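Next up: some structures, all given as structure tokens.
In what follows, chain A forms one complex with chain B and a second complex with chain C.
Let's turn to the complex of A and B:
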């Protein structure tokens, strides 16, 4: 551990590629996955028997299931990701920090550099920070706590709210859902647990920040959000990691329940370093008249395979997926989303924008499914892709399964290059080519960026600019 | 011998040899057939879990008890000489440049305009071409599609018979359409029609392919190869009017050289299970493709189309429009790929798919796929929609005094018109309209 990352990142433009060489895990991490590793995690966390059994069952699924090939996914087999060379559990602290001062100095330094406590003071209702396998800091505003809002790391929730936890955990994404959901279910650690009581509207976002520090780390956080009837919550997550010469793995599971009339928005700004495999399963169950939204920005990682899903289960449910992907050299963003209409009069919108550059490849992969009897469904999918140079590649794989007559379904997609006319026009107004290209890309992704809270929009625009550096000319 | 029933020939390697012997084929052709048989035996049946097949019920795709060919059929003087169950589909006097009629495993009728024959245009059964135009057949047959592609194409490679070769020499323009009819009347029998079109530089030709049968069970597993050389122009219309218990698998591939253009129109009306692969490879700079499809499914008909617009060379253009109307519990699948390969700069591609559902149990699954590796694309786009007949339009027409069911028919006709009007043969338009009328019960 401890490749000199400054040397590696010097030219990449990736701002978060440093690591903290002073960091020492409190456990002795072992590489590779075995039954003992799974049992060890459960024991260390002092979990109830049902969770231990859940993990073991999931571990068996992981062993039994073949690696995904074919239609769903970015063909993980083409990479030399070695699952035996991964640390499945790295415990950063003996105990979670209640105040920022409790967090060990070397970890605090990391999050200070990333601007976490600052952000919390300014515009968040609560914040949580995960470092490798565990949440090291977490806080929520007192007034929300008083209203009964629960926001804590998932491990603590298992201890402190066992009944609520057990009622929902693993119900939206069962451990045998797919190979990587099995993996997560076997070795999960950390993540956020949120419960918003009936009618409570949380005005400012709750934020979680995920950081991988250890080389060859596997981070497997598990997030469960329950928005009770008529409640409202916006959850934002950000992710970064150091740039190492060997690969890390991030494989999260996110389950969300949006009850009658509630509104959940889940925003991700994924900016892993480009040695991280990001293989994530995210799913929302949306009930009557409720609204579930994914805002999914993918800028980092080596390979991302992530298709946030909304299951519209009762009449009037609405799902929305805004997906933004940028792939630079060596990156493959295999992203998109699924809207499953299982009830009449449900509606959904998928809007995807992707930009490819260098040897980068973006793929939109989506599914629109309408079950028989789901009358009056309205769904639209719109995908636009922009190619910045000759090396880049863009794919669109939208699946549609429509088993109902009385529906209105539309899909449209386009792929285009950076418009020469637009470039020419901007340059004729005195801009240089790089500036003009940046402006065009910013305009292209604008419909998605404008959905972000201001601070994130600014950050995202900055990240896009970094990605765009040196892309023209 | 009275009282004995002739057993159907079995589907095995011996059948391949017997078929080749029946047509007195040259040794090289038999060798190719046996190699295809080997590939067929090695190839797995379609995997019901794969993306391509998951919505097709492959469980009833069985070759058990299927005869690999029918008993020989005698040559006829005119199409009126066909059995009534086939003759009903065809007209005797039509403005055609040439016609090849295949009944079961044999071509029974061949005709070609004398002037065209004088210009060295060849329109003949592939079976006889293998002897009389050996060089053309040997060099071109199975160069566009290959028996290794998938199981049913392996079977086709081993057992094709009859068939049709259309060869148009350099610079020759064939004005009237050439028609190739493949008709099946033998019960529980497979036929394997093969259409090979070679259009030399700057030539031009229109070929209509008809697949027909009465209401029997059976299999039609065909292949179409189009080799369009520099500057040539090929139009191809496929009219599938098979009986509703016939399974139909067709693989079509078109290879376009520089500045060649291809228009393909697929009209899917019959069959129990129809699986068509249509792949156009634009190898030559400036080549162009237009693909049109029209499907009307009712009962429990299932239609699956896989199309590929493969842009290999720069400045190539393609446009696809597929429309389906689905009634009862009919289902339609379309997987359409646009691939723009690295180096296919300044290319443009479009795919549009529209599906009209007339019943609660009907379903449509369009999957338009873009794979773009060339930066300098002019424009690539696609769109797909699924829905019922627009209630507002029905309401509008009703307010003008048109009853609801009639209004619906008018809207269905209008929906089809966009494709049908682009079919460059009024005769084919009329035939399709007649089938649509029957399906709509009028």
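Let's turn to the complex of A and C:
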């Protein structure tokens, strides 16, 4: 009711696909990657020599490493992504805004449309907004600032907190970790830097929003979160991009340190347009009695390759990965997670849910590793896939590498098709087929969605419904 | 109590008519020409041994895609509903209480009920009105309020599933309800509660077809008419007294008249009545 068939067919279900035609970068972006481009970025940012050298070293790794064709990857080599046709640095503003009024009108309009300033007023401890290559706005509540919480873009942190920055930057994900970590390390720009002092508990989430605007954009934000002993932080990131006929690239690196007794939750609601390659490396180091959690929602993009990892390094550390993937026609969500148990009495849970429709493909790719001597480890992996039709596809690649006997490991996997009997049951109660299918899908992903703060749960359900539009019948 | 007497409400207006219905499942014909008329206000019982086609009839009436109708009609208020998808049939006021209600993980009963009620009424139901109706119905069926926060049919006991079906029937207020073995798997207390719930819904506007293998539920819900389905056809119809006859003599005297000594005329007479 109310929805006309034209609305559904015209609209692919993606409602963030607009762009800002008035936008003009303040630098003169060039396509392609070279040593000069890398040096140019460093120079423009007026970086210390160590960072320039770090970038150059990473650039050499990028050149040396082949495209991943092994276990970790969603067959990127089968796509014709042209790295020479990408802008590696697009500077949106001369200076970051301290208030939303400082942000250029056309950029602010974008974030208004995305509901960011409103969310900031209502339920966030702080917000950061990145547009193409740079953060255009960030703010954190005064009381948190007074308690010593640092939340700013990563470039500013390098300038304002150089020692803290250098102590941790690149320590969790070294620049030669994988091809795309090398790429990010060479050309990184923007991202969030967070430090939460000992014992400080940040009750409401900090949120970052990453928006791509320019066609053929490469966005390479770099995030570093340090949760000191006994602290508590929930960080949420969202991302969208305009729909273009040519490819864009998003390749982030996220490093997180969760010290003794601390708790970090990192929530992602990735909703890139379906021309974006999303190739991201995310890793957490979790120390004694600390808890590190990834809540990873992947709805958009052309190809996502992302396996958030949790390294449990001291006894009592607990890791949790909740992964949700939805792949529509032409999309491949190659997602999952890794839990590495490097200390005794560490525990972890991986729970993955994926939904495929049309020619969409989801893959669960995961690793569970237990080092020798890590006795008393308890770990469970559960992955469920739901296929909405005959064309959709799902695969499971669970890697288990257990080098210790005294451990408890559980693994369950299921693939189900949207059930005829479930549909019939709901339809016999008056719901049409599309509504019934939506209800079943929303129920299927509910165990993940219920982990989100209410506002995001509502938003995620809405996004899922948008993706479901026109998928049945 | 004693609201279970028959015929109190029939006004001889045809509400629901199955005409010469043939249904196949995976190319095997299960229903071989079923005829049945339920007037507005009447409660009919459809009995029969296992494999006679009872559940096939129930699923075909509601439009399950696995059941292929090859011939015949299902008329509801004079209109053939066979071309309609199940949701359209439900919106018109047909209801099926399932023998085996399927679980739907992650979908909360309360949300599901609200969506179903919206579909049935064709408009949103204000929260307060919905809550009131839900509370009253839960009370009627002696169900715990926490029930509405559980996932649809997930981890329900047999009795809870059946009660949930009757709960839905009570809230959606259909004009014609088919209850497919709603009594099976219930202990005697649960059976009484479910039967009382159904009796409370009886009235001049509702038609009910109670499908059952056993006469047990019919001790509590007195039907106006009773039909016996065997091998895809209704082979005997009669009044409530037929229930007791079946109780005493089993199905054999109808389904296998030679062996039980009943003449073939009895079968023929049954057919005519149908």
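Simple rule for what comes next: the second predicted complex is superposed on the first by the 463 of 473 C-alpha atoms of A that agree within 3 Å, B and C clash if a C-alpha of one lies under 4 Å from a C-alpha of the other, contacts with A are read in each partner's own complex, and residues count from 1 in each chain.
Heads up, the rule we're going with is that contacts are C-beta pairs under 8 Å (C-beta built on N, C-alpha and C of every residue); 3 or more make two chains touch, one makes a residue touch a chain.
For clarity, every value in this text was computed on a predicted model and none was experimentally measured.
Undergrad: After lining both complexes up on chain A, report clash or fit for chain B versus chain C.
TA: fit
Undergrad: Who wins on chain A residues touched, chain B or chain C?
TA: Ranking chain B and chain C by residues of chain A touched puts B first.
Undergrad: Once chain A of both complexes is superposed, is A:440 in touch with chain B (first), chain C (second), both, or neither?
TA: Second partner only.
Undergrad: Looking at A:79, would you say it contacts chain B, chain C, both, or neither? Reply first, second, both or neither.
TA: In the superposition, A:79 contacts neither chain B nor chain C.
Undergrad: Using the superposed model, measure off the angle between the directions from the CA centre of chain A to chain B and to chain C, in steps of 10°.
TA: It works out to roughly 70 degrees.
Undergrad: Should A:400 be classified as contacting the first partner (chain B), the second (chain C), both, or neither?
TA: first
Undergrad: Touching A:425, do we find chain B (first), chain C (second), both, or neither?
TA: In the superposition, A:425 contacts chain C only.
Undergrad: Touch check for A:392: first (chain B), second (chain C), both, or neither?
TA: In the superposition, A:392 contacts chain B only.
Undergrad: What does the superposition give for the shortest Cα distance from chain B to chain C, in Å?
TA: For chain B and chain C in the superposition, the minimum C-alpha gap reads 14 Å.
Undergrad: Which residues would you name on chain A as touching chain B in one complex and chain C in the other?
TA: Chain A residues touching both partners: none found.
Undergrad: Once bound in the complex, which stretches of chain A touch chain B?
TA: On the chain A side, the touching residues are 70-71, 372, 385, 387-417.
Undergrad: In the complex, go through chain B and note every residue touching chain A.
TA: So the residues of chain B touching chain A come out as 50-51, 55, 342, 355, 357-377, 379-388.
Undergrad: Quick one: in the complex, what on chain A touches chain C?
TA: Touching chain C from chain A are residues 419-422, 424-433, 435-436, 439-440, 442-447.
Undergrad: What does chain C use to touch chain A in their complex?
TA: 62-66, 85-87, 89-91, 95-96, 98, 101-102, 104-107, 112, 115-116, 118-120, 151-152, 168, 172
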